[in-house]
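There are structures below to look over.
Across the two complexes that follow, chain A remains constant while its partner is chain B and subsequently chain C.
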Partner chain A sequence: MDVRSTWANRVSDRGMLYLFLLPTFGFLLFLVIFPLIWSLYLSFCDYSANAARPPVFIGIENYSSIFREKEVWDRFVTTGKFVLLAVAIEFFLGFGIAMLLNREFYGKGFLTTLFILPMMFSPAVIGKFFRFMMDTNWGIINYILGRLFGIPKIAWTTSYEYALYSLVITDVWIWTPFIILLSLAGLSSVPSYLYEAADVDRASGWFKFRYITLPYVAPILILAVLFRTMDAFRFFDVVYVLTEGGPGYATQIIPFYIYKLAFSFWRTGRSCALAYVLLIIIIALSNIYITYLNRLRRA
Partner chain B sequence: MRRVALGLLVVFLSGLVFGGIAFAEEVTLTVTWAAWAPMDALIALAEDFTAKTGIKVKGDPIPWPQYHDKVFTEFASGKTSFDIVLPDSQWLGEAVVGGHLLDITDWFNEKVNKEEFSDMLIRSYCEYPDGSGRYYGVPALADFFGLAYRTDLFNDPEEKKAFKEKYGYDLKVPETWSELKDVAEFFTRPEKNLYGIALWQAPMATAGLVDHFLACFWSFGAELWDPNTKKVKGYLNSEEGKAAARYWVDLYRFHPPGAANYSMDETNTAMQQGLVAITGTYLAFYPGLVDPQLSLYWDKVDFAPTPKEKEWWVQLGGQGMSISAYTPYKKEALMFLEWWLSPETQWKWAQLGMFSCFNSVINDDRYLEFAPVNKVHRVVAPILKDFWEIPEYNEMGTVMAEILNAAILGKYTPEEAMDLIAEKHEEILERAGYYK
Partner chain C sequence: MNEFQRRALKNRVIVVILVVLLCVYLFPLYWMFSTATKSKVDAFSLPPKWVWRPQGDNFRGIFYVGAGGALGTVRGIELKLKPSAFLRQLGNSIVVSFVSTLLATFLGALSGYVFSRMRVRGKDDLLFVILSSRMLPPVVIAIPLVMMYRSLGLFDTRFGLIIMYTVFNLAFAVWMMRSFVDDIPREYEEAALVDGYSRFQAFFKFVFPEMRVGMVATAIFSLIMTWNEFTFSLLLTGERARTAVPSIAHSLGTAGVNWGHIAAGSFLMVLPVVVFTFLLGGNLIRGFTFGAIKE
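Our next item is the complex of A and B:
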């Protein structure tokens, strides 16, 4: 058989390249790009996926109504508080623990694994555990606080004072290990000779941290905070299990509200609009981080 | 060699053809319902149906909190993993308007003896819109809100004496909402880790505050709206409505701490652990309260109707039995419904301790022997009332639950809460086009 006449030989290298890319591109188009474009279109429509009628184009009404309603603003404020608190605590706690772990001691490997463990559980399962532990009447947390310090029962998940903090505590428990992990990676990249040189110059601990450690780990810390911020804005499963958005709607952060709009109230168009607003916020914040990161790199 | 290959081909094709036919004949109906005792009972009972028809039946239970969303997400996809669904009464409008339930009007008119059911059950579980004569299901489980109380406390002579001294009348199972508050206050003893009452307070449209509050609301003489004009202001936030809200907020003082998210599991647990003297729940959840494996007070609990006040209304719960519009087994599903509605099946259902919808079963004295809650069922069957069944019910219920939940925690006064709910409800109805 003449090999030159085979089908494969008649396709150019570039053609072959496109052929290999085609299935992936097709999948991407079908699974990612089409839903994105379709949901963008729906965000300008009055549409319920549950009703037997087609989408009706209503322009920017979904977007403008979102910004008109106090309840939506309240949820944005709740989301902002949650993200700020959770990411800040995770950052300081995670980096602090990583600093402690970044030295040689007996059992370091075991302890590091232990610290990283929470990240490996399903958030929904953790939410359920925390719901039990934070139960006002039977929870282990109130039991310990009562027995050791005589503190009266705290309604962790059902009071306006504590409900948001119960979410923050749970998120911190799950995701601090992520910051620890990235911080450890950053810390281990600092060349040891720099510290040795600083020791020779009798530099203080603060000086070494400020002028050696921090410049090396800052870019990776910024990345860690960027990932955590993006993720915290999408925090849903723990809210669903732990507080169910209550009391009232005090812990309904935006992703939970989008879920309620989309699958409980079936206001598909409006939920798409809100999802896009959230997306824009996340992209804007990410850009700020990335700009700062680039500035750090240049410095 | 060629003959062997041909022989193999014949065997293979025969297998495909005959196997395919056999496969086609073996129908399995999938029933979806919440994951609870009635679902287990139904699937166990369905073995009778399989024995009679050869059609297998399997259950696909879904946890209560996810039940609505899971079912409707499948509906929205235009394909369901189940053939038969037992939707909450309030889902009916949402499901029918979306075209998700099979219209069984002709079958219903031919096969169903309407005399066997109260009009309320037909309207709530089967017909949409009310009075239209279009049917989408059959009555299945006539659940309702009721009270469970600790008999050891209520029958204690010391408690009786102390109560009489304090309130001037005998300690008894409360018959009015006012008496309920007295009893709840009397038994609230935080120093002994005992509280008066645990009612559903979770800020959810179903399985939450709305279910229980409405029985109180209607009994205070209030209404949700004008049934003709659908106007809410002046009805929901009438003086009666605000009085009911004031009562509800005040009653929360006698709940255990942190009861603002109580639903079926939490109220049951509160009673099982002896944290409260009285609890309110849909009484189809009663098996957990009389099970020695689950409850410390399983032999010290009895059941009573939801109280009255100016009027007497009890929130209807329960589900009808409907067929998914997307099932390929419509004929078999209708056979299942017909089997379900046979008196023989209904009696077996009742014997399993489940609520029947059949008047002839409820009014037969044997029914009272099957479950400790059946005496309550017989009393409340004529006074059951249901809330909105329009597609917007979930949003309206959520608004009511979230705002009242905030009110019990002091975020709004009861009056502000009812005014705000009325305003929000009219916004929802306006948007949905009810005022055109």
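Our next item is the complex of A and C:
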């Protein structure tokens, strides 16, 4: 059969372009863009989704009240503390393990994949189980700490001092593999002849690390930190199952606070405004992130 | 000892350190398995029982609800057990993950091809919008989405959940597939175009089959992400369409927390992910950087 005689042959390049992109953008328009426009409108309204009253336009009142209230700033501070602590620990742990993994040995691929596993699991499921392990009285973590180091029982998820740390620990468990994975990619991109040349010159270990390893790994590490920071603003599920934002609001980081505002206090307008503030932060971060991704793609 | 032997010894010591680290690191998984297979008494005993007889009570417990009397007979066998809500939720998880993954992978392959090969006006901006939608914290769009779902009758339906997951997997799939298409030599289609095929025909006949490795990797990733998803399922479903993850988060809906059951449910959610992660192998890094870094 002649390929030119079918209908498929008459589809122009332009037609194909539209045909192939339309479903993707249709979905995006319907389920992301449209809701975003709607919530932009609601963010300028006094509105509660469970009240019979329709939204009343009040201008920027929601936004200005957000920045006036100490309550909101406190949540931003909590979020900042969480992000800094979690990402810093993940960074050192992940990079350290990657340095150890970055050598030839039997079963390397298998061992590496085992290290990667935790980040593939559902954070909500892991968080729930960590709550069991972190229980004050019969949790295995307190038991082990007590037996090995004689540390008295810690109320991990229910005390003001430790609740945030329980979130950090869980996040570190889940996301350290991400840093391992990216660090390994960076480390393996260093051409080995550079090390050999340095060996010939009898360079010190520190010199090799500082002037050969680091320059090659740095761009990927920046990418990793950026991504983790962005992801920390999506950190909702673990808070929901592990501490429920408590005690008090000690662990109400921003995404969880928005959820509370929207679905417990029903302050819809206000929660939309805060969501938009978060959206702007995310867009700024992802702008930097994508610029970096594209730079790496071209390299 | 010469330099070579010294290095080999150092390597061996480091591998031993790594194995020890790994055992400590993956301890929670071991603990999950042991809690799931212990009896109620053993699961809570401290010091913990390091040796126990594995039993399946917890797994049976999450799948069936013991009923008082007989529920009826099927082919002469008396039914005393009633399937639990969790069984249905697990079914929802499977259906929703597979359907949204198939949709997203296919549509993502089409768009990925266009973004890799063809000239699109404002390509970078479009790609930015797509990836941003993936980065978006779910709570940001959840508020209007819940209202929209309620008024359109999509709330608490599998269909509603499927289209939501399709969008999120699609954003990922477009970027992934674009990077996979980049790897396919252009000569395939160019030869076909010379032979008189339209680009549309050339795509389905020559390029699409070459994309299957990439599509499998993309699909596995999407499958895992959907299987694990919590927030949208929590907010967009109620009794009927709920998936397994939020159900576990809510202690499987039982009064009082039965940790043995939760451990068993968690173990069931985690196990397939382990298998799929090993299938992904070298594509892990690619997935997590949206195709930017290839192994």
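The rule is simple: the second predicted complex is superposed on the first by the 262 of 299 C-alpha atoms of A that agree within 3 Å, B and C clash if a C-alpha of one lies under 4 Å from a C-alpha of the other, contacts with A are read in each partner's own complex, and residues count from 1 in each chain.
Quick note on the criterion: a contact is a pair of C-beta atoms (placed from the backbone, for glycine too) under 8 Å apart; a residue touches a chain by one contact, two chains touch by 3 or more.
Since the structure is predicted, the reported quantities are computational estimates derived from the model, not experimental observations.
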item	value
Chain B versus chain C as contact partner of A:49, first or second or both or neither	both
Contacts of A:243 with chain B and chain C, given as first, second, both or neither	first
A:165 touches, of chain B and chain C: first, second, both or neither?	neither
Which superposed partner A:76 touches (first chain B, second chain C, both, neither)	neither
First (chain B), second (chain C), both or neither touched by A:138	both
First, second, both or neither for A:17, with chain B first and chain C second	second
Partner chain(s) touched by A:128 [first = chain B, second = chain C, both, neither]	second
Partner chain in contact with A:157 - chain B first, chain C second, else both or neither	first
Greater chain A contact set [chain C / chain B]	C
Contacts of A:263 with chain B and chain C, given as first, second, both or neither	both
Set of chain A residues, in rising order, touched by both chain B and chain C	49, 138, 263
Chain A-facing residues of chain C, complex	11, 14-15, 17-19, 21-22, 25-26, 28-29, 31-32, 35, 44, 46-48, 107-108, 110-111, 113-114, 118, 120, 124, 126-133, 135-148, 163-164, 166-167, 170-171, 174, 179, 195-201, 203-204, 224, 227-231, 234-235, 245-246, 248-249, 259, 262-263, 265-266, 269-270, 273-274, 276-278, 281, 284-285, 288-293, 295
Sites on chain B touched by chain A in the complex	65, 68-69, 72-73, 75-76, 94, 97-99, 193, 202-205, 256-261, 269-270, 273, 275, 391-392, 394-395, 398, 402-403, 405-406, 409, 411
Residue numbers on chain A that touch chain B, as the complex places them	49-52, 135-138, 153, 155-160, 243-250, 260, 263-267
Contacting residues of chain A [partner chain C, same complex]	2-4, 6, 8-13, 15-17, 19-21, 23-25, 27-28, 30-32, 34-36, 38-39, 42, 49, 97, 100-101, 103-105, 109, 111, 113-118, 120-130, 132-133, 138, 140, 143, 147, 173, 178, 181-182, 184-185, 220, 223, 227, 230, 233-234, 236-237, 240-241, 255, 258-259, 262-263, 268, 271-272, 275-276, 278-279, 282-283, 285-287, 289-290, 293-294, 296-297
